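Shared between the two complexes below is subunit A, which pairs with subunit B and subunit C, respectively.
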Partner chain A sequence: MSEILLEISDLRIEFRSLEQTVQAVRGCNLGVVKGEVMGLVGESGSGKSMTALACLGLVPPPGHVTGSVRLDGREVVGAPEADNRRLRGSTAAMIFQNPGKALNPFFTIGRQLTDAIATVRGLERGSAERTAVDALTEVRIGDPALAMQKYPHQLSGGQLQRAMIAMALSCQPKLVIADEPTTALDVTIQAQVIVLLRDLARVHGLTVLFITHDLGVVGSLCDRLAVMYAGRVVESGPVDALFANPAHPYTASLLRAVPMLGRGRMTLTQIPGTVPNMAAPPPGCAFHPRCPIAQPRCASDDPASRETAGGRTVACHFPLSGATAPAALRGVAS
Partner chain B sequence: MTAEVLTPAITTQRPITLAVRAAHFARGNVLFVVGGCIFVAVVLGAILAPLIAPYDPTAINFIDKLQGPGVNHLMGTNDLGQDIFSQVVFGARTSLMVGVVVISLAIGIGVPIGLLAGFFGGRIDTVLMRISDVFLAFPPLLLPIAITAALGTGLFNAMVALAVSWFPWYSRIVRGAVMRVKSELYISAARAMGVSSVRIMLRHALPNSTTPIIVQGSMDFGYSILAAASLSFIGIGAQPPTPEWGLMAAMSRTRFIDNWWTVTFPGLAIFVTVLAVNLVGDGVRDILDPRHQSGH
Partner chain C sequence: MTALLSVEHLTKYFPSRHGVVRAVEDVSFAVAPGETVALVGESGCGKTTVALSLLRLIRPDGGRVSFEGAELKGGGGDKAEKAWRQRLSIVFQNPYSSLDPRMRIRSIVGEPLITAYGLRGQPLTERVVKHLAEVGLGAEHLNRFPHEFSGGQRQRIAIARALALEPKLLILDEPTAALDVSVQAQVLNLLQQLQRTLGLSYLFISHNLATVENIADRVLVMYLGRVVEEGPVESVFAAPYHPYTRGLLDSVPSTDPGRRRHLKPVSGEIPSALNPPTGCAFAPRCTRASEDCRRAPPPLNAAAPGRSHACLHPLAAAEGSRRSDADRQTDRAGIER
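On to the complex of A and B.
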């Protein structure tokens, strides 16, 4: 087995207030191996963004983090802020959802890239500037020298996201955390950015934690996939195997909710109900109120995550297998 | 895969600089232009005062005392025979200097406090802002009067006193702006790149909070001139023989009924200057802060 770069075990993030305690993440387990692109999928509010922030020790103040996040062998949870700051940018860099707001409107793209590179890699300004131009060239921005002189509002969303990717990559991080980097972009631009990320990941052998709610993106980009529901990973494994034979009913339902060409109009289904209120998650399996195959046991007994064949894990009392899947969930990936 | 190269969506139009925006704005705003012209005239008058003023503003000439406005003395003379026009011209220097010094000091004290309070929040915020609130609790001119009384009279002390009683407004404005900017994604992004808090505060939070400071500064400029003139009028600001408009009005106030020009011209100078500065200030606000713009 190859080296594990990021290991999250029993991560819990709580937001306490006088009225209630919201459990954003409730015992998340996740490992990212060096060189792979790991997809992290879940609905809004499933805790995937919080998990990503916890990887860099960036959970906002009222958040209470317990458990363990080991990034490149170093424990992040509970580590002093100064130590975590040294990890950011150099060991792990983050790409954000909204590139238009992730750059400071006050400075040019070039200034911000140069600053970031100079700070993180300790280069002097001249070579930092050359590195910035190289990075912009690599992310296929037309005329990098011109783009360097532009302010964020003078570039389009796709251009800005390329610049953000350039900034993240030019600091040569071991891990890139991409938090829904394509969500705010047009569909055609999305495709370009994803192709770019995939090519860059291949060329540089990047390790990527790719957070999204778009299963189509996962299929075209990721090696492995972890599905999050209500603050924990309910299923993980190689993308192909997981798409072909989802073991968790939630994964199966998610896959059925993806619109796909050639599958006809009527087969697109929704998952009944809504994401549980994380201030009062349901007892037992968090998914049982929405699960089509829930049994009495699911309402009382919280299923632990178990390893199954082919490097997969699933947290379900009654995992699906290709043969036993009930009609309601069958025919998903065929 | 296709290695597509995108042509950037960059237009070739002229960059919209502040000057371009100001010119565009001025075209539709007569008051801004009028205020701007008067302000420029006052500034030029202050700079070129020795060339414009026909007499030494402090020269006493009892032979010509209390002359009405005429050919020799455009605005007449006071009870010491000093030429009022020359005093008014030199007074512009004092007043502009007061405006610049008071506002600079107030910004110099208020901005760091607001920046720290807004950026770090929590206890730092509470302590700094409560201290600022103490200064705001006094009626506007009472605190400067008390401070000058303690420090001693004089123009410099009056300016310090005004700045000290004025800085909380800047603390509050900067604090609000920084708190808004703090939640912006580029602050989080900078954090995620490993940038230190102090650097984020100075390089990201402060530059993006400057607009309201400039707007408030240009609005307050006129008020600080007025306030300094008021302090001089009640005798705790500028002292004779400094040519200062408020002081001139004060020195001659008993003669107002018989010799109207002695008080009227310094008063007019204050009025016109403050009005012009405020008109410019309104314009600056509208140019920098489009939300306040009345549809034009």
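On to the complex of A and C.
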């Protein structure tokens, strides 16, 4: 049995204010096995970024976190801040969507990398600096020695994201959490970064939790994926099987709602309605108001996540199977 | 077929502290009635500058723009520009910033009608209700504010506003890029349906090739201010001539098996528009570039019926097409890996 590096069970994150309580995450369950690249997919407001932040104990106040996140055998939720700080960088590192905001504009790339490496790995400055140059070389930055001397505003978005990846990897974490790291990049640069991450994951045997709203990116990078909707994982499994035969109507609709290159001028399947307001999520299954196959039961009865064959899970009362799915919801791959 | 909109040698330079930014250089194209033409390219390629120049929201530095054969002259004055803007309209990318949060939907959609025709009272309301109905919104929304709507509904309102003067051409600047994945299809399908019922032409600006494939008839690929390839979407995407088009297509991640691990990114990054390479702007990233490429930018030349490209070493049909045998082999290797 493969070892589970990250295990999230019944994670709940609430933001309370005077008027309302926003339930950002409502019972998220997810396991990431050592050495795999796991995609976490969802639309804005699905709770995917909050789930990622909770893995590092970084949910901002007044966020109220309950449930459990076990990272490399240690509980993160409710742990003292000092313990969680030790976890960050050494056990798990994070790559953010906007590297321009994640780096300090007043210090050179070299200084920021060296500081991080020296702090996390306890190296003295000289060897931390050499490690930093090596890391920049590994992420294929044109001239690593030159990049060390640059300030963030002097590098392009693609180069900055490479520097962020270098910083994350140089601390030799067991888990890398990447939150939409390619979303802000141009198409050709996004492809470069995906290929880089794919190669690095293979060479170093990295475990990656990759958060995105782009199913195509998941397809070209990940081994497994989990689909989040309204604060909860509605379906998970190996990428190939899940894309070929989605079991949850949300996943199935999403796969047919997004134009994919090579499919020509097909009419896209419309998902009616909008993503739910998380201050007042629908009762029962949160997707039922938009679901094409919803039954009365779905409006009252919240489906629990169940394991099915082939290492898959689905949280639906009426999961689709390839043969019985209505034509509009059948998998796109055949 | 006469063109509805025709653009010839459009040029726009922006002066800046660091020198001149050549945002758009010698761009020519035409849009036929009922046709959807897509402008694709990465950030900084000039696609939005083209759109804004067409609407005279910025003043181009050179070139001719005509609508149904009538040219818009640079010094035509406010009246000519006002008349011009009644024939073409724009839907911006982000409906969260393109709708004034203090205006009711009635005023947002009605404003162009008041400005252009001086409509008031009942006739104004009737027109606004009609255009809201075209985008699938009911009259009950008239007195609401933008914040009461979701992103998809806001984009519908922006489309209704663009339709208010009954233009023949809509410029769509990344109209789905800011929307949630699950509502993008609603907007794309609405646009296609409006085109059928109202006989509209679209100039569709996007960086998303899959969306372009879904909606457009013809495509212009732009790189650093210039058009590098043009043709029908189907044939350009199936077998591009220009190595940049090939690179763009190979950079699009897909969920389809067989194409999933197929990414073949172009190396390098887009050069600065402040200091573009002397020859072909793509030459520094191109594996086929020769000395000639670095001398002068290659002109856009016709290559096949309806197709043209600006490349001295274009890909042959077999190389350009995605599914060559060698590719299939790498595909398989990629999947096994």
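Structure notes:
Rule of thumb we're sticking to: the second predicted complex is superposed on the first by the 331 of 334 C-alpha atoms of A that agree within 3 Å, B and C clash if a C-alpha of one lies under 4 Å from a C-alpha of the other, contacts with A are read in each partner's own complex, and residues count from 1 in each chain.
In the analysis below, contacts are C-beta pairs under 8 Å (C-beta built on N, C-alpha and C of every residue); 3 or more make two chains touch, one makes a residue touch a chain.
This is a predicted model, so every value here is computed, not measured.
By the touch criterion defined above, A:Ser156 reaches both subunit B and subunit C. By the touch criterion defined above, A:Asn104 lies against subunit B but remains apart from subunit C after alignment on the C-alpha atoms of chain A.
Using the contact criterion defined above for the overlaid structures, shared-chain residue A:Gln270 touches subunit C, although it does not reach subunit B. Contact with neither subunit B nor subunit C is seen for A:Val77 once the two complexes are overlaid on the shared chain. Within the superposed three-chain model, A:Thr119 lies in touch with subunit B and out of touch with subunit C [touch as defined at top]. Applying the stated contact rule after C-alpha superposition, one finds that A:Gln192 touches each of subunit B and subunit C. Comparing which residues of subunit A touch subunit B with which touch subunit C, the overlap comprises 156, 158-159, 192, 195.
Residue ranges of subunit A in contact with subunit C, taken from their complex: 43-44, 156, 158-159, 186-192, 194-195, 202, 213-221, 239-240, 243-244, 253-255, 257-272, 274-275, 290, 332-333. The part of subunit A that touches subunit B in the complex is made up of residues 56, 58, 85-90, 93-94, 96, 98, 101-107, 115-116, 119-120, 140-143, 146-147, 150, 154-156, 158-159, 164, 167, 171, 192, 195, 198-199. Those residues of subunit B that touch subunit A in the complex are listed here as 1-10, 184-186, 188-196, 199, 203-204, 207-208. On the side of subunit C, the complex with subunit A involves touching residues 42-43, 150-153, 180-186, 188-189, 192, 207-211, 213-215, 234, 237, 247-257, 259-267, 269-270, 322, 337.
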